[in-house]
Amino acid sequence: MEEESQNFVVFDTDVGTDDAWALLMLIRAEEKKLKNIKILGVTCVHGNTEIEHVVRNVFRVLDTVNRPDIPVFKGASGPLLPIPMDNNPFFHGVDGFGDIYEHGEDDKIFRRLQKEHAVTALYDFASKYPKKVTFILVGPLTNFALCMKMYPDFADKVKDVYIMGGNRKGVGNITSCAEYNFYCDPEAAYIVTNESRITKIILPWEPCLPKPEQKYTSLEWRLKELSAINNPITKLMDPVDSKCYGRVGRKQWCPCDACLMAVFLFPELIIKKESKYHVSVELIGTNTRGQMILDHKKEKADNARVIEMMHLENFKEIAEWTVGCNINL
Amino acid sequence: MEEESQNFVVFDTDVGTDDAWALLMLIRAEEKKLKNIKILGVTCVHGNTEIEHVVRNVFRVLDTVNRPDIPVFKGASGPLLPIPMDNNPFFHGVDGFGDIYEHGEDDKIFRRLQKEHAVTALYDFASKYPKKVTFILVGPLTNFALCMKMYPDFADKVKDVYIMGGNRKGVGNITSCAEYNFYCDPEAAYIVTNESRITKIILPWEPCLPKPEQKYTSLEWRLKELSAINNPITKLMDPVDSKCYGRVGRKQWCPCDACLMAVFLFPELIIKKESKYHVSVELIGTNTRGQMILDHKKEKADNARVIEMMHLENFKEIAEWTVGCNINL
Amino acid sequence: MEEESQNFVVFDTDVGTDDAWALLMLIRAEEKKLKNIKILGVTCVHGNTEIEHVVRNVFRVLDTVNRPDIPVFKGASGPLLPIPMDNNPFFHGVDGFGDIYEHGEDDKIFRRLQKEHAVTALYDFASKYPKKVTFILVGPLTNFALCMKMYPDFADKVKDVYIMGGNRKGVGNITSCAEYNFYCDPEAAYIVTNESRITKIILPWEPCLPKPEQKYTSLEWRLKELSAINNPITKLMDPVDSKCYGRVGRKQWCPCDACLMAVFLFPELIIKKESKYHVSVELIGTNTRGQMILDHKKEKADNARVIEMMHLENFKEIAEWTVGCNINL
Amino acid sequence: MEEESQNFVVFDTDVGTDDAWALLMLIRAEEKKLKNIKILGVTCVHGNTEIEHVVRNVFRVLDTVNRPDIPVFKGASGPLLPIPMDNNPFFHGVDGFGDIYEHGEDDKIFRRLQKEHAVTALYDFASKYPKKVTFILVGPLTNFALCMKMYPDFADKVKDVYIMGGNRKGVGNITSCAEYNFYCDPEAAYIVTNESRITKIILPWEPCLPKPEQKYTSLEWRLKELSAINNPITKLMDPVDSKCYGRVGRKQWCPCDACLMAVFLFPELIIKKESKYHVSVELIGTNTRGQMILDHKKEKADNARVIEMMHLENFKEIAEWTVGCNINL
C-alpha cells in the first residue's frame, strides 16, 4: 500500500560539487517527506573524477547528513569506448571535490560499498518496482546504458529518467560543441536518448548559462549568505564551492546537477520554459562528437522533454531549504 | 582616382527569390550611387536550382531593370563532392523562381553569358582591383572555394565577403542541423570559412527566423502593400513570392539573401547584434554534416563577424526603396 | 591439482552452422581428453539470428551429443549501438540453422538456461580460474565487450581469447569492407581488439576464402562422404549445411567458426601462416565501418596474432574426427 | 590524318624520383615513336614537395634530355581540403629530388612556365582532341579533380587516365590504411574514381611491394649496373635514387610512377594480373581516410581496371631502354 504512493529514486552520480548539492537536496526531500520520496540507492559512475574518488565523495556527503543507511554501488570506471580525453578540465579538482579533503582509511570506505554492481543494481531496482522508479542521472550515462544493453526489458520497467547533459544550441563546455557529461560517453548518451520506451526529462547546458536578461542566484550570495548558515552541510561544501567556482570567475551560482534535482522536486519553481523534441547524440563529427541533436525539422516522434529556461533566481530559496532552513516551497 | 573610392561588388548567386531581391537591391544601390557601389558582375552557381535555371533567372532580373550591361558568368554546376542530396526541398520551385515563367529561346540567353568561367572571373576581378572588391555570396560556396583552390593568392586580393549561410545554434532547414547553402557544399563552406586571410561577414539562418519577442516585416505587407506599387519589379516578383511563400504558411517575410544585402548596404538599419567568432564547418557528422561550428571555447582566433539579430521590421522600408520608392535610408 | 592442468574453455556463440561445428568439435575434444579441455559453459549472443534462436540452436546441438550438463547462458540481444542493419544476409537462415527444424516447447528450453546473465558468467568464470580460461568467441563481441566495460579487472583474469572475425585486406562479406561478426557490433570489436592486456588469436575472413593456389575441403566431400557417416551429428547438420551452402554455390567447405576451433585445438594441422599485428577496428568510415585495421606501419605495439593462411585441406580429417571417426590427429 | 593516329599524352606530376623516371620513359617513347606517343604537356601539382619544387624538378628533367619544347603548367599548390598532414615522410627529400641540386635562378625557371593554369590546360587539351588524350596522373589528383568540377563536360572529352595511387588491401604507406597520393587529397581521389564516364587504369600500392614469391629488379642493379651506363640521365638520377632509397633500406627498385608508365607503354611486359572493380575512396574513417575502396560485393558497376600484380623483373629492361639502350621491347 504504502509502496503504491512512494516516489522511488535512484541517484546515479560522478560527484562533483553540483552532484553533492543534488544529493543533499534529494536527501532533504526524503526527510521532509516531500512528494513521498524514497531513495533506493546511489550508483557511482566515472566522470568528473575517477570512480574511486566518486565513491569517497558520495560517502562523505552521506556521512555529513548522517545517512549511512543509503546503499551505495560502484559502477563503470570508464566510457564504453576507451578514447582518451585530453582536455579534461577537472573543474571539480582531481578528486571531484576541489582537492580539499584527506582520503584516509580507504579500505574502510570501500568495505561500505554494496557488493552488487551498480549496473545490475539499476536493473534490480527497476525489476522490484516496475514503472515506479525515477532515475536521476547526473554523470556520464555509462551505467544506465550498460544496464540497457545487458537487460533489454530494463527500459520497460523504468518510470522515468532525469538527465543533466547535452546541449540545445551546440554550445559546448568541454569541446566547442559538446557538453561534458555527454562527451564523456557519447555512445552511452546515444543509447539512452534514442530509447523511445523511456520517458526522459533533459536539462542541457545552455539553460544553466548566464544570460543578460535573466535573473540568477549569485555566487556571492552562495559564498557569503548561504555560508553564514553555519552547519555541517555548509561546512562540507563551502571550501569546495569556494575553490571550484573561485577559479573560473563566474558571477552566477548554478550547480547544474542540483538544478536538475530542482527540476525533479520543484518543477513549478524552477522551470521557465520547456519543449518536446526528438533528441539524439552525434557520434562521429570532427567538431560535434557528443553534441545533442534536436530534430528541428520534426521528422521524428518526440522522445524527450527538454528544459529551455529556468528561474535561476529561485534556486536561492531551494538552496536554503536544502541546507535545512524552514521554508515552505 | 574615381576607382579609388568605388565599392566594387561581385554577386555570386543561385537565384532564388531572395537572391533576386538581393540583386535588385544591389542594382538600385548602384543606380542611386549609394556608397559608390560599382557592380562588376554576377556569377552563377548551382544550388536552389540547376545552373542553367540560375542563368535564366539572373537575366530575367537584369532585363526587368534594364541592366543587360552587367556581365553574367556561369560557374560550377554541382558541389565539390558529388554526394546526392535526396531531400532537396525546392522551396523556390524546380526552376528556382516558383516555376512561374516560360523558358523560351534559351540559345539566345546562353549566348549572352560571358565566355569566361565564373571561377576565373572571380580571380580576374580580384586581381584587377586588389583588396577593393566585395564578394556577396548568396548560394553554395562552390565557385568561391574553387577559385581559392585554383589561385592560392586569391585570398590575399579579396577585400571582404558577405555570406548568407550556416547557422549559429545548430538549427537546420535542410537537415536537422544544417542550413541549405552550407549543406549544399559543405567542403566549399569549410574551405571559405577557414581561410583566415579573408574578412568575412556571415548571416546565418537563425537571425532570419521569427522569434516571439521580435518585430518583423509581414508576408501580408509584402503581398498586399508592396505589391500595390505596381511596377516591373513587383510584377516580376509578386507571383514568385506569392507561390513560394504561400506554400509554407509563414507570417514573416524575411528573404535571407536580401537581408544579407541589407547587412552590406544598410548595416545601421538592419544589424541588431553581431559577434566575432572562429567559424568552421562540420564535414563528417551523421547529423551535423554542414553545420556551422562556432568556437564557443574561444580557443582559436576569430575569423568572422556573425550576425546574431536583425531589425527585421526595418526591412519594409528597404524593400520599398528597392522597388523604387524615394525614401531616405 | 587436476585443475592446474586443465584447459578451461568458454564458448561464446551466435549459432550458426559453423558455430555448431565448432561446438561439436570442442565437445569431442573434451570427451577425447584432448589437451585436457574442460568446457565451463556456452554463452549465447545475438548475431546470425536473434538471441532466442541462438539459445534453441545451442540446446539442439548439446542434446544431439547428449551433453545437457554443459551450462548455457543467455547474453546480449543486440549490439552496443542500436544501428539498424538493413543488409543482414541471413546466410544461416532466419533461425540461424537453415530454418529446418521445428521450435516446439520453448518454455521448456528456456527453463534449461542458467539464471545468470552471460556477461556476469564470463566474469565469474574468469574470476574463479584467473588466467586459466580460454574464451572462444565466434559471434559478435558484444557479451565479451560488455563484460570488459562492467569489470575493469576482467581483462587481467583472462588467459586468452580466440576470435573469428574481422579481415586483413579490407575484403568484406557483409559490406564491401567489413566482415559479419565485427560489423554486427563494431564498437564491441573495437573494445576487445584494443585491450592490450588480453592475448588474442584472430582468424579473419580472408584465410577462409578460396584461393586459386590453395587446396581445400570441398563442399561435395562434406555433403557426400562426411554425410555417409550416418550418425546423430551428421543427421543434425546435413540438412542445415545442405540448405545454407546450397544457396550460395561455393565449392569449398570452410565453416569459419569451426576453423577457428581447429586453430585452437589443432594449430599444427591447420595454421599455415600467421603474423603479429596491432589490430583495431574502424568505427566511422562511410565504407569501412567495422573493417579490421592492421597497423601496417608498425607504429604501435602488436596486440594480436592474426591467422593469414590455413591448410584447409586438413579440415577434412578434423571433421571426420569431430563426427566420431577414430583418427589420430 | 596524322593526328588521327597519335597517342596524345598529358603528364600530371609531383616529381619525385619515380615521377622523373616516368617522365623520362615517356619522352623516350615519344622520341622512339613508340605507339605514336605525342606529349602535349606536363602539369605540375603539389604532393611529394611544394609546387615550386615540382616545377623546378620538371624543368631539370626536361633540360637533361634537351626537351625545353614540352610545355609545363603550374597547378594546385595544395589539396581541396586544407587539412594539415603531420606525417609527411618526405621520402623524396624536402625538394622532391633528394635535396641534391642547387635551386639557382628561379626567376628564369618560372618564366619558362606556361601562363595558363594547369587546370584549364587539362581542359583545353581534352577539348582540342576530344576522346584522344590519355592523362597519366602520378601525384595527388587535385588538378584533375578541379578540372572536373570546373568543367562538367571534361569527363566526356577524356580518352582515359592512368593513375598511380590508392591500395587494394588496405595496406598504407603514409597511414596504416592509406597510400600517399590518395591520402594527400582524398576528396580529389574520390571525385576522380567515382566518375564513371572516365576510363581508369589504376596501379595501387600493393603490387609495388616486394613479395616473397615474386621476382623483382633490385636496387643493387639500379645503383650499380644501370648507373654504369654513364649518360646525362643516370648522372641526374643516380645521386637522387642513391639518397632516397638508401635511407629506407629496401632491396627492390620499384619506382611506382615509372611502373605505371610501363603499364601504359608496355602492358604485355609488366602487367601480370589485373581485375575490374568498382573503386571509390573512404573519406571519413579515423584509420581509413584515403583508403581505396573496392566493391568486393560487386553491388556497383565496375568503374576501373586495377593492376594486381606486375612482372617487376621486367622493369630492368624497360629502365635500360629508358636511359637509351637499344633494346627491342
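Letters A, B, C and D mark the chains as written, and numbering starts fresh at 1 in each.
Keep this in mind: a contact is a pair of C-beta atoms (placed from the backbone, for glycine too) under 8 Å apart; a residue touches a chain by one contact, two chains touch by 3 or more.
These numbers were taken from a predicted model, which means no experiment stands behind them.
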Intersection of the contact lists for chain B and chain D: none
Gap in Å, rounded to a whole number, between the CA centres of chain C and chain A: 41
Between chain D and chain C, distance of the C-alpha-averaged centres to the nearest whole Å: 45
Whole-Å separation of chain centres (CA-atom averages), chain B against chain C: 58
Sequence positions of chain C contacting 2 or more other chains: 283-284
Category of the chain touch graph - line, ring, star, complete, other: ring
Chain-chain contacts as defined at top: A-B, A-C, B-D, C-D
Complex interface listing, chain D residues touching chain C: 168-173, 175-177, 280, 282-288, 291, 293-297, 299
Chain C-facing residues of chain A, complex: 76-78, 80-82, 117, 119-120, 142, 146, 149-152, 187, 190-191, 194, 283-284
